[in-house]
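Report on the following structure.
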Amino acid sequence: MNTDKIKAFFIHDEFAHQNGIRLTDVSEGYARTEVIIEPRHLNAGGGVQGGVLFTLADLAFAAATNSHGTLTVTTSANITFVHGATGGVIIAEARETVNHRRLPFCEVRITDADGNLLALFSASGYRKEGVQLPF
Amino acid sequence: MNTDKIKAFFIHDEFAHQNGIRLTDVSEGYARTEVIIEPRHLNAGGGVQGGVLFTLADLAFAAATNSHGTLTVTTSANITFVHGATGGVIIAEARETVNHRRLPFCEVRITDADGNLLALFSASGYRKEGVQLPF
Amino acid sequence: MNTDKIKAFFIHDEFAHQNGIRLTDVSEGYARTEVIIEPRHLNAGGGVQGGVLFTLADLAFAAATNSHGTLTVTTSANITFVHGATGGVIIAEARETVNHRRLPFCEVRITDADGNLLALFSASGYRKEGVQLPF
Amino acid sequence: MNTDKIKAFFIHDEFAHQNGIRLTDVSEGYARTEVIIEPRHLNAGGGVQGGVLFTLADLAFAAATNSHGTLTVTTSANITFVHGATGGVIIAEARETVNHRRLPFCEVRITDADGNLLALFSASGYRKEGVQLPF
(Lines give C-alpha, C1' and ligand atoms only; values in the text may rest on other atoms or scores of the structure.)
Protein backbone atom coordinates (compact mmCIF):
# COMPACT_ATOMS: atom_id res chain seq x y z
CA MET A 1 0.00 0.00 0.00
CA ASN A 2 1.23 3.46 -0.94
CA THR A 3 -0.68 6.30 0.69
CA ASP A 4 0.32 8.90 -1.86
CA LYS A 5 -0.75 6.71 -4.76
CA ILE A 6 -4.15 6.05 -3.14
CA LYS A 7 -4.68 9.77 -2.58
CA ALA A 8 -3.63 10.46 -6.17
CA PHE A 9 -6.10 7.85 -7.40
CA PHE A 10 -9.05 9.20 -5.46
CA ILE A 11 -8.44 12.79 -6.45
CA HIS A 12 -10.06 11.61 -9.67
CA ASP A 13 -13.33 11.19 -7.82
CA GLU A 14 -14.71 14.19 -9.67
CA PHE A 15 -17.95 14.43 -7.75
CA ALA A 16 -16.21 14.52 -4.38
CA HIS A 17 -13.37 16.71 -5.62
CA GLN A 18 -15.51 19.34 -7.32
CA ASN A 19 -17.66 19.57 -4.20
CA GLY A 20 -14.70 20.27 -1.94
CA ILE A 21 -14.59 16.83 -0.33
CA ARG A 22 -11.01 15.73 0.30
CA LEU A 23 -9.34 12.49 1.32
CA THR A 24 -6.89 13.54 4.05
CA ASP A 25 -5.60 10.20 5.38
CA VAL A 26 -5.59 6.60 4.39
CA SER A 27 -3.97 3.43 5.69
CA GLU A 28 -4.84 -0.28 5.50
CA GLY A 29 -8.56 -0.50 6.25
CA TYR A 30 -8.82 3.11 7.38
CA ALA A 31 -9.52 6.48 5.77
CA ARG A 32 -10.42 10.02 6.78
CA THR A 33 -12.14 12.62 4.63
CA GLU A 34 -13.21 16.19 5.29
CA VAL A 35 -15.15 19.08 3.84
CA ILE A 36 -15.38 22.75 4.77
CA ILE A 37 -19.03 23.71 4.56
CA GLU A 38 -19.92 26.52 2.16
CA PRO A 39 -23.30 27.83 0.95
CA ARG A 40 -23.17 25.42 -1.99
CA HIS A 41 -23.45 22.47 0.45
CA LEU A 42 -26.77 23.49 1.98
CA ASN A 43 -30.29 22.24 1.38
CA ALA A 44 -33.47 24.28 1.01
CA GLY A 45 -33.83 24.47 4.78
CA GLY A 46 -30.36 25.94 5.24
CA GLY A 47 -28.77 22.81 6.73
CA VAL A 48 -26.02 20.67 5.23
CA GLN A 49 -27.59 18.48 2.52
CA GLY A 50 -27.64 14.78 3.41
CA GLY A 51 -25.93 14.01 0.13
CA VAL A 52 -22.85 15.94 1.28
CA LEU A 53 -22.49 13.72 4.32
CA PHE A 54 -23.21 10.63 2.26
CA THR A 55 -20.57 11.53 -0.34
CA LEU A 56 -18.05 12.40 2.38
CA ALA A 57 -18.63 9.00 4.00
CA ASP A 58 -18.71 7.09 0.74
CA LEU A 59 -15.31 8.46 -0.29
CA ALA A 60 -13.89 7.42 3.08
CA PHE A 61 -15.48 3.98 2.64
CA ALA A 62 -14.02 3.67 -0.87
CA ALA A 63 -10.50 4.60 0.25
CA ALA A 64 -10.58 2.30 3.30
CA THR A 65 -11.94 -0.74 1.51
CA ASN A 66 -9.81 -0.27 -1.62
CA SER A 67 -6.65 0.30 0.43
CA HIS A 68 -5.72 -3.37 0.06
CA GLY A 69 -5.39 -2.91 -3.68
CA THR A 70 -8.32 -4.98 -4.97
CA LEU A 71 -11.22 -3.10 -6.52
CA THR A 72 -14.15 -2.84 -4.09
CA VAL A 73 -17.52 -1.29 -4.91
CA THR A 74 -20.30 -0.21 -2.55
CA THR A 75 -23.27 -2.56 -2.70
CA SER A 76 -25.49 -1.06 -0.03
CA ALA A 77 -25.17 1.69 2.53
CA ASN A 78 -27.09 3.00 5.51
CA ILE A 79 -26.83 6.49 6.90
CA THR A 80 -28.45 7.78 10.08
CA PHE A 81 -28.53 11.50 10.72
CA VAL A 82 -27.98 12.39 14.36
CA HIS A 83 -27.50 16.14 14.49
CA GLY A 84 -27.93 18.76 11.84
CA ALA A 85 -25.02 20.95 10.77
CA THR A 86 -24.94 24.32 9.07
CA GLY A 87 -21.24 25.15 8.78
CA GLY A 88 -17.66 24.50 9.86
CA VAL A 89 -15.55 21.49 9.03
CA ILE A 90 -17.10 18.03 8.78
CA ILE A 91 -14.97 14.91 9.07
CA ALA A 92 -15.63 11.27 8.22
CA GLU A 93 -13.53 8.42 9.54
CA ALA A 94 -13.95 4.97 7.99
CA ARG A 95 -12.84 1.77 9.64
CA GLU A 96 -13.19 -1.50 7.81
CA THR A 97 -14.81 -3.73 10.40
CA VAL A 98 -14.78 -6.79 8.20
CA ASN A 99 -11.92 -7.23 5.70
CA HIS A 100 -13.56 -10.12 3.90
CA ARG A 101 -12.16 -11.49 0.65
CA ARG A 102 -15.42 -10.81 -1.18
CA LEU A 103 -17.89 -9.01 1.09
CA PRO A 104 -16.18 -6.38 3.28
CA PHE A 105 -18.09 -4.18 5.72
CA CYS A 106 -17.05 -0.73 6.85
CA GLU A 107 -18.33 1.70 9.48
CA VAL A 108 -17.95 5.46 9.13
CA ARG A 109 -18.41 8.11 11.84
CA ILE A 110 -19.19 11.64 10.72
CA THR A 111 -18.39 14.41 13.20
CA ASP A 112 -17.81 18.12 13.41
CA ALA A 113 -14.41 19.58 14.31
CA ASP A 114 -15.14 19.16 18.02
CA GLY A 115 -15.88 15.47 17.61
CA ASN A 116 -19.65 15.78 17.99
CA LEU A 117 -21.38 12.97 16.16
CA LEU A 118 -23.44 14.20 13.20
CA ALA A 119 -24.18 10.97 11.38
CA LEU A 120 -23.36 7.26 11.25
CA PHE A 121 -22.77 5.49 7.97
CA SER A 122 -22.14 1.82 7.33
CA ALA A 123 -21.83 -0.02 4.06
CA SER A 124 -21.24 -3.39 2.52
CA GLY A 125 -18.90 -3.75 -0.42
CA TYR A 126 -18.19 -6.30 -3.08
CA ARG A 127 -14.54 -7.02 -3.80
CA LYS A 128 -13.76 -7.92 -7.40
CA GLU A 129 -11.06 -10.53 -7.07
CA GLY A 130 -8.48 -10.18 -9.77
CA VAL A 131 -9.11 -6.49 -10.44
CA GLN A 132 -6.05 -4.77 -9.01
CA LEU A 133 -5.81 -1.02 -8.48
CA PRO A 134 -2.69 0.98 -9.43
CA PHE A 135 -1.26 1.34 -5.91
CA MET B 1 -50.48 21.81 -1.93
CA ASN B 2 -49.11 24.01 -4.70
CA THR B 3 -46.70 22.26 -7.06
CA ASP B 4 -45.05 25.45 -8.30
CA LYS B 5 -44.42 26.67 -4.77
CA ILE B 6 -42.86 23.35 -3.77
CA LYS B 7 -40.59 23.41 -6.81
CA ALA B 8 -39.66 27.02 -6.05
CA PHE B 9 -38.82 26.06 -2.47
CA PHE B 10 -36.59 23.15 -3.39
CA ILE B 11 -34.68 25.10 -6.02
CA HIS B 12 -32.96 26.50 -2.94
CA ASP B 13 -31.42 23.10 -2.30
CA GLU B 14 -28.05 24.48 -3.31
CA PHE B 15 -26.20 21.17 -3.22
CA ALA B 16 -28.67 19.47 -5.54
CA HIS B 17 -29.11 22.52 -7.75
CA GLN B 18 -25.42 23.27 -8.24
CA ASN B 19 -24.84 19.64 -9.13
CA GLY B 20 -27.49 19.63 -11.85
CA ILE B 21 -30.08 17.65 -9.90
CA ARG B 22 -33.59 18.91 -10.63
CA LEU B 23 -37.02 18.32 -9.15
CA THR B 24 -39.25 17.72 -12.19
CA ASP B 25 -42.57 16.64 -10.63
CA VAL B 26 -44.24 16.64 -7.27
CA SER B 27 -47.68 15.81 -5.95
CA GLU B 28 -49.04 14.64 -2.57
CA GLY B 29 -46.66 11.93 -1.40
CA TYR B 30 -44.86 11.68 -4.73
CA ALA B 31 -41.87 13.32 -6.39
CA ARG B 32 -39.59 12.78 -9.38
CA THR B 33 -36.08 14.13 -9.82
CA GLU B 34 -33.52 13.79 -12.58
CA VAL B 35 -29.93 14.50 -13.49
CA ILE B 36 -28.04 14.42 -16.78
CA ILE B 37 -24.70 12.76 -16.12
CA GLU B 38 -21.60 14.81 -16.89
CA PRO B 39 -17.91 14.18 -16.13
CA ARG B 40 -18.29 16.07 -12.84
CA HIS B 41 -20.63 13.32 -11.55
CA LEU B 42 -18.14 10.47 -11.89
CA ASN B 43 -15.99 8.70 -9.31
CA ALA B 44 -12.36 7.67 -9.60
CA GLY B 45 -13.37 4.49 -11.40
CA GLY B 46 -15.29 6.39 -14.08
CA GLY B 47 -18.76 5.40 -12.86
CA VAL B 48 -21.47 7.66 -11.45
CA GLN B 49 -20.53 8.46 -7.83
CA GLY B 50 -22.89 6.92 -5.28
CA GLY B 51 -23.39 10.34 -3.72
CA VAL B 52 -25.03 11.56 -6.94
CA LEU B 53 -27.65 8.82 -6.75
CA PHE B 54 -28.08 9.41 -3.03
CA THR B 55 -28.59 13.15 -3.49
CA LEU B 56 -30.98 12.58 -6.39
CA ALA B 57 -33.04 10.20 -4.23
CA ASP B 58 -32.85 12.35 -1.13
CA LEU B 59 -34.24 15.37 -2.97
CA ALA B 60 -37.11 13.24 -4.26
CA PHE B 61 -37.69 11.94 -0.72
CA ALA B 62 -37.68 15.50 0.65
CA ALA B 63 -40.17 16.76 -1.90
CA ALA B 64 -42.53 13.79 -1.49
CA THR B 65 -42.54 13.79 2.30
CA ASN B 66 -42.72 17.58 2.63
CA SER B 67 -45.51 17.83 0.03
CA HIS B 68 -48.12 17.83 2.81
CA GLY B 69 -46.74 21.12 4.10
CA THR B 70 -45.24 20.03 7.43
CA LEU B 71 -41.45 20.07 7.74
CA THR B 72 -40.02 16.55 7.45
CA VAL B 73 -36.36 15.68 7.83
CA THR B 74 -34.55 12.48 6.86
CA THR B 75 -33.58 10.42 9.91
CA SER B 76 -32.08 7.37 8.24
CA ALA B 77 -31.72 6.12 4.70
CA ASN B 78 -30.65 2.95 2.95
CA ILE B 79 -29.40 2.75 -0.60
CA THR B 80 -28.63 -0.42 -2.55
CA PHE B 81 -26.74 -0.15 -5.81
CA VAL B 82 -27.98 -2.56 -8.45
CA HIS B 83 -26.27 -1.58 -11.69
CA GLY B 84 -23.52 0.90 -12.37
CA ALA B 85 -24.07 3.86 -14.68
CA THR B 86 -21.63 6.00 -16.59
CA GLY B 87 -23.81 8.49 -18.48
CA GLY B 88 -27.23 9.47 -19.76
CA VAL B 89 -30.19 10.64 -17.74
CA ILE B 90 -30.88 9.22 -14.30
CA ILE B 91 -34.31 9.49 -12.72
CA ALA B 92 -35.55 9.01 -9.16
CA GLU B 93 -39.18 8.49 -8.28
CA ALA B 94 -40.24 8.74 -4.64
CA ARG B 95 -43.44 7.31 -3.26
CA GLU B 96 -44.35 7.88 0.35
CA THR B 97 -45.35 4.40 1.49
CA VAL B 98 -46.26 5.52 4.98
CA ASN B 99 -47.72 9.00 5.48
CA HIS B 100 -47.46 8.89 9.24
CA ARG B 101 -48.07 11.96 11.38
CA ARG B 102 -44.59 11.76 12.89
CA LEU B 103 -42.58 8.96 11.27
CA PRO B 104 -43.19 8.76 7.52
CA PHE B 105 -41.43 6.23 5.29
CA CYS B 106 -40.69 6.66 1.61
CA GLU B 107 -39.34 4.39 -1.12
CA VAL B 108 -37.40 5.69 -4.10
CA ARG B 109 -36.55 3.86 -7.32
CA ILE B 110 -33.60 5.09 -9.33
CA THR B 111 -33.55 4.17 -13.01
CA ASP B 112 -32.00 5.14 -16.30
CA ALA B 113 -34.04 6.65 -19.15
CA ASP B 114 -35.09 3.17 -20.31
CA GLY B 115 -36.45 2.27 -16.90
CA ASN B 116 -33.61 -0.06 -15.94
CA LEU B 117 -33.21 -0.20 -12.19
CA LEU B 118 -29.92 1.31 -11.01
CA ALA B 119 -30.50 1.64 -7.28
CA LEU B 120 -33.14 1.38 -4.57
CA PHE B 121 -33.36 3.95 -1.79
CA SER B 122 -35.65 4.00 1.21
CA ALA B 123 -35.71 6.38 4.12
CA SER B 124 -37.47 7.19 7.33
CA GLY B 125 -38.33 10.77 8.17
CA TYR B 126 -39.31 12.75 11.21
CA ARG B 127 -42.17 15.17 10.81
CA LYS B 128 -41.93 18.30 12.94
CA GLU B 129 -45.53 18.95 13.88
CA GLY B 130 -46.28 22.65 13.94
CA VAL B 131 -43.50 23.64 11.54
CA GLN B 132 -45.32 24.60 8.37
CA LEU B 133 -43.61 25.14 5.03
CA PRO B 134 -44.51 28.08 2.73
CA PHE B 135 -46.64 26.14 0.25
CA MET C 1 -38.37 -25.36 -9.90
CA ASN C 2 -40.63 -27.67 -7.91
CA THR C 3 -42.84 -25.91 -5.37
CA ASP C 4 -43.43 -28.97 -3.22
CA LYS C 5 -39.73 -29.72 -3.00
CA ILE C 6 -38.95 -26.13 -1.96
CA LYS C 7 -41.63 -26.25 0.73
CA ALA C 8 -40.30 -29.61 1.90
CA PHE C 9 -36.79 -28.16 2.10
CA PHE C 10 -37.77 -25.11 4.13
CA ILE C 11 -39.85 -27.07 6.60
CA HIS C 12 -36.41 -27.90 7.99
CA ASP C 13 -36.00 -24.27 9.03
CA GLU C 14 -36.39 -25.33 12.64
CA PHE C 15 -36.47 -21.83 14.09
CA ALA C 16 -39.29 -20.71 11.83
CA HIS C 17 -41.13 -24.03 12.03
CA GLN C 18 -41.04 -24.36 15.82
CA ASN C 19 -42.28 -20.80 16.13
CA GLY C 20 -45.32 -21.42 13.93
CA ILE C 21 -44.00 -19.57 10.89
CA ARG C 22 -45.01 -21.32 7.67
CA LEU C 23 -44.10 -21.01 4.02
CA THR C 24 -47.45 -21.04 2.21
CA ASP C 25 -46.50 -20.21 -1.40
CA VAL C 26 -43.43 -20.06 -3.53
CA SER C 27 -42.69 -19.54 -7.20
CA GLU C 28 -39.70 -18.20 -9.17
CA GLY C 29 -38.58 -15.08 -7.30
CA TYR C 30 -41.64 -14.98 -5.06
CA ALA C 31 -42.66 -16.40 -1.70
CA ARG C 32 -45.37 -15.91 0.93
CA THR C 33 -45.15 -16.84 4.59
CA GLU C 34 -47.57 -16.48 7.48
CA VAL C 35 -47.90 -16.85 11.22
CA ILE C 36 -50.89 -16.90 13.54
CA ILE C 37 -50.00 -14.77 16.55
CA GLU C 38 -50.10 -16.50 19.94
CA PRO C 39 -48.93 -15.33 23.38
CA ARG C 40 -45.52 -16.89 22.73
CA HIS C 41 -44.90 -14.32 19.96
CA LEU C 42 -45.25 -11.24 22.14
CA ASN C 43 -42.65 -8.94 23.67
CA ALA C 44 -42.60 -7.50 27.19
CA GLY C 45 -44.92 -4.69 26.13
CA GLY C 46 -47.56 -7.10 24.81
CA GLY C 47 -46.95 -6.43 21.12
CA VAL C 48 -45.62 -8.82 18.51
CA GLN C 49 -41.84 -9.10 18.97
CA GLY C 50 -39.84 -7.58 16.11
CA GLY C 51 -37.96 -10.86 15.77
CA VAL C 52 -41.18 -12.62 14.76
CA LEU C 53 -41.69 -10.23 11.86
CA PHE C 54 -38.01 -10.44 10.94
CA THR C 55 -38.06 -14.25 10.91
CA LEU C 56 -41.31 -14.30 8.94
CA ALA C 57 -39.76 -11.97 6.32
CA ASP C 58 -36.40 -13.73 6.29
CA LEU C 59 -38.03 -17.09 5.53
CA ALA C 60 -39.95 -15.48 2.66
CA PHE C 61 -36.71 -13.89 1.43
CA ALA C 62 -34.90 -17.24 1.64
CA ALA C 63 -37.59 -19.09 -0.31
CA ALA C 64 -37.88 -16.40 -3.00
CA THR C 65 -34.16 -15.99 -3.58
CA ASN C 66 -33.39 -19.72 -3.40
CA SER C 67 -36.27 -20.59 -5.72
CA HIS C 68 -33.89 -20.62 -8.71
CA GLY C 69 -32.04 -23.56 -7.16
CA THR C 70 -28.68 -21.95 -6.33
CA LEU C 71 -27.88 -21.48 -2.63
CA THR C 72 -28.41 -17.86 -1.57
CA VAL C 73 -27.66 -16.49 1.89
CA THR C 74 -28.76 -13.20 3.46
CA THR C 75 -25.90 -10.73 3.73
CA SER C 76 -27.72 -7.71 5.13
CA ALA C 77 -31.31 -6.81 5.87
CA ASN C 78 -33.30 -3.73 6.84
CA ILE C 79 -36.64 -3.77 8.57
CA THR C 80 -38.85 -0.78 9.27
CA PHE C 81 -41.77 -1.16 11.64
CA VAL C 82 -44.84 0.78 10.54
CA HIS C 83 -47.68 -0.33 12.80
CA GLY C 84 -47.68 -2.49 15.88
CA ALA C 85 -49.63 -5.76 16.00
CA THR C 86 -50.91 -7.77 18.91
CA GLY C 87 -52.74 -10.70 17.32
CA GLY C 88 -54.34 -12.23 14.26
CA VAL C 89 -52.59 -13.54 11.17
CA ILE C 90 -49.48 -11.84 9.84
CA ILE C 91 -48.36 -12.36 6.26
CA ALA C 92 -45.09 -11.65 4.47
CA GLU C 93 -44.76 -11.51 0.70
CA ALA C 94 -41.31 -11.47 -0.83
CA ARG C 95 -40.56 -10.33 -4.36
CA GLU C 96 -37.05 -10.60 -5.71
CA THR C 97 -36.50 -7.18 -7.24
CA VAL C 98 -33.05 -8.01 -8.54
CA ASN C 99 -32.32 -11.58 -9.67
CA HIS C 100 -28.60 -11.03 -9.98
CA ARG C 101 -26.19 -13.90 -10.57
CA ARG C 102 -24.26 -13.10 -7.39
CA LEU C 103 -25.94 -10.27 -5.46
CA PRO C 104 -29.75 -10.55 -5.54
CA PHE C 105 -32.02 -8.07 -3.76
CA CYS C 106 -35.49 -8.81 -2.45
CA GLU C 107 -38.27 -6.69 -0.94
CA VAL C 108 -40.78 -8.06 1.54
CA ARG C 109 -44.07 -6.51 2.64
CA ILE C 110 -45.50 -7.57 5.98
CA THR C 111 -49.22 -7.06 6.46
CA ASP C 112 -52.12 -8.17 8.59
CA ALA C 113 -55.00 -10.24 7.17
CA ASP C 114 -56.73 -7.06 5.93
CA GLY C 115 -53.66 -5.97 3.98
CA ASN C 116 -52.65 -3.20 6.40
CA LEU C 117 -48.92 -2.62 6.20
CA LEU C 118 -47.13 -3.56 9.43
CA ALA C 119 -43.49 -3.55 8.35
CA LEU C 120 -41.21 -3.33 5.34
CA PHE C 121 -38.18 -5.58 4.97
CA SER C 122 -35.54 -5.59 2.29
CA ALA C 123 -32.38 -7.62 2.06
CA SER C 124 -29.36 -8.32 -0.05
CA GLY C 125 -28.20 -11.86 -0.63
CA TYR C 126 -25.10 -13.60 -1.83
CA ARG C 127 -25.57 -16.42 -4.32
CA LYS C 128 -23.06 -19.23 -4.06
CA GLU C 129 -22.52 -20.24 -7.67
CA GLY C 130 -22.09 -23.96 -8.00
CA VAL C 131 -23.97 -24.84 -4.80
CA GLN C 132 -27.21 -26.36 -6.05
CA LEU C 133 -30.19 -27.02 -3.80
CA PRO C 134 -32.18 -30.27 -4.01
CA PHE C 135 -35.13 -28.90 -5.99
CA MET D 1 -32.46 2.67 37.06
CA ASN D 2 -32.79 -0.68 38.80
CA THR D 3 -31.08 -3.56 36.98
CA ASP D 4 -33.13 -6.28 38.63
CA LYS D 5 -36.39 -4.56 37.77
CA ILE D 6 -35.35 -4.16 34.14
CA LYS D 7 -34.40 -7.82 33.93
CA ALA D 8 -37.70 -8.78 35.56
CA PHE D 9 -39.57 -6.65 33.04
CA PHE D 10 -37.89 -8.13 29.98
CA ILE D 11 -38.32 -11.72 31.13
CA HIS D 12 -41.86 -11.09 29.88
CA ASP D 13 -40.52 -10.89 26.34
CA GLU D 14 -42.15 -14.23 25.59
CA PHE D 15 -40.67 -14.68 22.14
CA ALA D 16 -37.10 -14.16 23.35
CA HIS D 17 -37.66 -16.10 26.56
CA GLN D 18 -39.29 -19.15 24.99
CA ASN D 19 -36.50 -19.31 22.45
CA GLY D 20 -33.79 -19.38 25.10
CA ILE D 21 -32.63 -15.79 24.59
CA ARG D 22 -31.66 -14.19 27.91
CA LEU D 23 -30.84 -10.67 29.07
CA THR D 24 -27.69 -11.11 31.16
CA ASP D 25 -26.63 -7.50 31.87
CA VAL D 26 -28.07 -4.04 31.65
CA SER D 27 -26.97 -0.58 32.73
CA GLU D 28 -27.74 2.96 31.50
CA GLY D 29 -27.52 2.77 27.71
CA TYR D 30 -26.00 -0.70 27.67
CA ALA D 31 -27.26 -4.28 27.59
CA ARG D 32 -25.93 -7.78 26.93
CA THR D 33 -27.95 -10.80 25.84
CA GLU D 34 -27.00 -14.37 25.07
CA VAL D 35 -28.31 -17.62 23.69
CA ILE D 36 -26.97 -21.17 23.71
CA ILE D 37 -27.55 -22.60 20.25
CA GLU D 38 -29.67 -25.74 20.05
CA PRO D 39 -31.14 -27.59 17.04
CA ARG D 40 -34.32 -25.51 17.36
CA HIS D 41 -32.33 -22.37 16.41
CA LEU D 42 -31.15 -23.63 13.02
CA ASN D 43 -32.36 -22.90 9.51
CA ALA D 44 -32.88 -25.35 6.65
CA GLY D 45 -29.19 -25.16 5.77
CA GLY D 46 -28.10 -26.14 9.27
CA GLY D 47 -26.83 -22.69 10.28
CA VAL D 48 -28.21 -20.40 12.96
CA GLN D 49 -31.34 -18.73 11.58
CA GLY D 50 -30.94 -14.97 11.00
CA GLY D 51 -34.05 -14.37 13.10
CA VAL D 52 -32.26 -15.77 16.16
CA LEU D 53 -29.48 -13.20 15.82
CA PHE D 54 -32.02 -10.46 15.09
CA THR D 55 -34.10 -11.31 18.16
CA LEU D 56 -30.98 -11.55 20.33
CA ALA D 57 -29.88 -8.08 19.15
CA ASP D 58 -33.35 -6.58 19.35
CA LEU D 59 -33.74 -7.62 22.99
CA ALA D 60 -30.36 -6.04 23.78
CA PHE D 61 -31.44 -2.90 21.91
CA ALA D 62 -34.73 -2.79 23.83
CA ALA D 63 -33.05 -3.16 27.22
CA ALA D 64 -30.34 -0.57 26.46
CA THR D 65 -32.67 2.07 25.05
CA ASN D 66 -35.41 1.53 27.65
CA SER D 67 -32.90 1.59 30.53
CA HIS D 68 -33.60 5.29 31.09
CA GLY D 69 -37.18 4.45 32.03
CA THR D 70 -39.08 5.99 29.12
CA LEU D 71 -40.76 3.60 26.68
CA THR D 72 -38.73 3.25 23.48
CA VAL D 73 -39.79 1.21 20.46
CA THR D 74 -37.71 0.07 17.49
CA THR D 75 -38.56 2.00 14.34
CA SER D 76 -36.03 0.54 11.93
CA ALA D 77 -33.13 -1.85 12.16
CA ASN D 78 -30.29 -3.06 9.96
CA ILE D 79 -28.45 -6.32 10.39
CA THR D 80 -25.39 -7.45 8.47
CA PHE D 81 -24.29 -11.07 8.70
CA VAL D 82 -20.53 -11.47 8.80
CA HIS D 83 -19.86 -15.11 9.64
CA GLY D 84 -22.19 -18.06 9.91
CA ALA D 85 -22.59 -19.94 13.17
CA THR D 86 -23.81 -23.42 13.85
CA GLY D 87 -23.50 -23.84 17.63
CA GLY D 88 -22.05 -22.61 20.89
CA VAL D 89 -22.96 -19.46 22.77
CA ILE D 90 -23.84 -16.29 20.92
CA ILE D 91 -23.67 -12.92 22.63
CA ALA D 92 -25.06 -9.50 21.72
CA GLU D 93 -23.83 -6.28 23.28
CA ALA D 94 -25.84 -3.10 22.74
CA ARG D 95 -24.46 0.38 23.23
CA GLU D 96 -26.73 3.36 22.81
CA THR D 97 -24.68 5.64 20.60
CA VAL D 98 -27.24 8.42 20.62
CA ASN D 99 -29.36 8.94 23.74
CA HIS D 100 -31.71 11.39 22.09
CA ARG D 101 -34.89 12.55 23.80
CA ARG D 102 -37.05 11.25 20.93
CA LEU D 103 -34.92 9.43 18.37
CA PRO D 104 -32.21 7.30 20.01
CA PHE D 105 -29.79 5.16 18.02
CA CYS D 106 -28.10 2.02 19.24
CA GLU D 107 -25.39 -0.26 17.86
CA VAL D 108 -25.20 -3.95 18.69
CA ARG D 109 -22.27 -6.33 18.11
CA ILE D 110 -23.03 -10.03 17.90
CA THR D 111 -20.13 -12.39 18.61
CA ASP D 112 -19.37 -15.95 19.54
CA ALA D 113 -17.86 -16.88 22.92
CA ASP D 114 -14.35 -16.15 21.60
CA GLY D 115 -15.31 -12.65 20.55
CA ASN D 116 -15.40 -13.39 16.82
CA LEU D 117 -17.80 -11.03 15.08
CA LEU D 118 -20.84 -12.82 13.63
CA ALA D 119 -23.14 -9.92 12.82
CA LEU D 120 -23.61 -6.18 13.25
CA PHE D 121 -26.99 -4.72 14.12
CA SER D 122 -27.99 -1.09 14.44
CA ALA D 123 -31.40 0.40 15.02
CA SER D 124 -33.26 3.63 15.47
CA GLY D 125 -35.87 3.95 18.17
CA TYR D 126 -38.74 6.25 18.99
CA ARG D 127 -39.04 7.35 22.59
CA LYS D 128 -42.58 7.92 23.80
CA GLU D 129 -42.22 10.87 26.12
CA GLY D 130 -44.49 10.57 29.11
CA VAL D 131 -44.77 6.77 28.98
CA GLN D 132 -42.75 5.61 31.97
CA LEU D 133 -41.72 2.01 32.53
CA PRO D 134 -41.98 0.33 35.96
CA PHE D 135 -38.28 0.56 36.86
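As written, the chains take the letters A, B, C and D, and residue 1 is the first residue of each chain.
Please note the rule applied: a contact is a pair of C-beta atoms (placed from the backbone, for glycine too) under 8 Å apart; a residue touches a chain by one contact, two chains touch by 3 or more.
Keep in mind that what you see is a predicted model, and the values were worked out from it rather than measured.
Visitor: State the chain with the largest centre-to-centre distance from chain C, centres being mean CA positions.
Guide: The most remote chain is A.
Visitor: By how many degrees does chain B turn when fitted onto chain C using C-alpha atoms, rounded in steps of 5?
Guide: 180
Visitor: With chain centres defined as C-alpha means, what is the inter-centre distance between chain B and chain C in Å?
Guide: 29
Visitor: If you average the CA atoms of chain A and of chain C, how far apart do the two points sit, in angstrom?
Guide: 33
Visitor: Rounded to the nearest whole Å, what is the centre-to-centre distance of chain C and chain D, using the mean of the C-alpha atoms as each centre?
Guide: 21
Visitor: Out of chain D, which residues touch more than one other chain, so two or more?
Guide: 75-76, 78, 80, 124
Visitor: Give the list of chain C residues in touch with chain A in this complex.
Guide: It is residues 75-76, 78, 102-103, 124, 126 of chain C that touch chain A.
Visitor: Per the contact definition, I'd like the list of chain A residues that touch chain B in the complex.
Guide: Result: residues 9-16, 18-19, 39-45, 49-52, 54-55, 58-59, 62, 71, 73-81, 84 of chain A touch chain B.
Visitor: Please name which positions on chain B make contact with chain C in the complex.
Guide: These residues of chain B touch chain C: 78, 80, 82, 97-98, 100, 105, 107, 117, 120, 122, 124.
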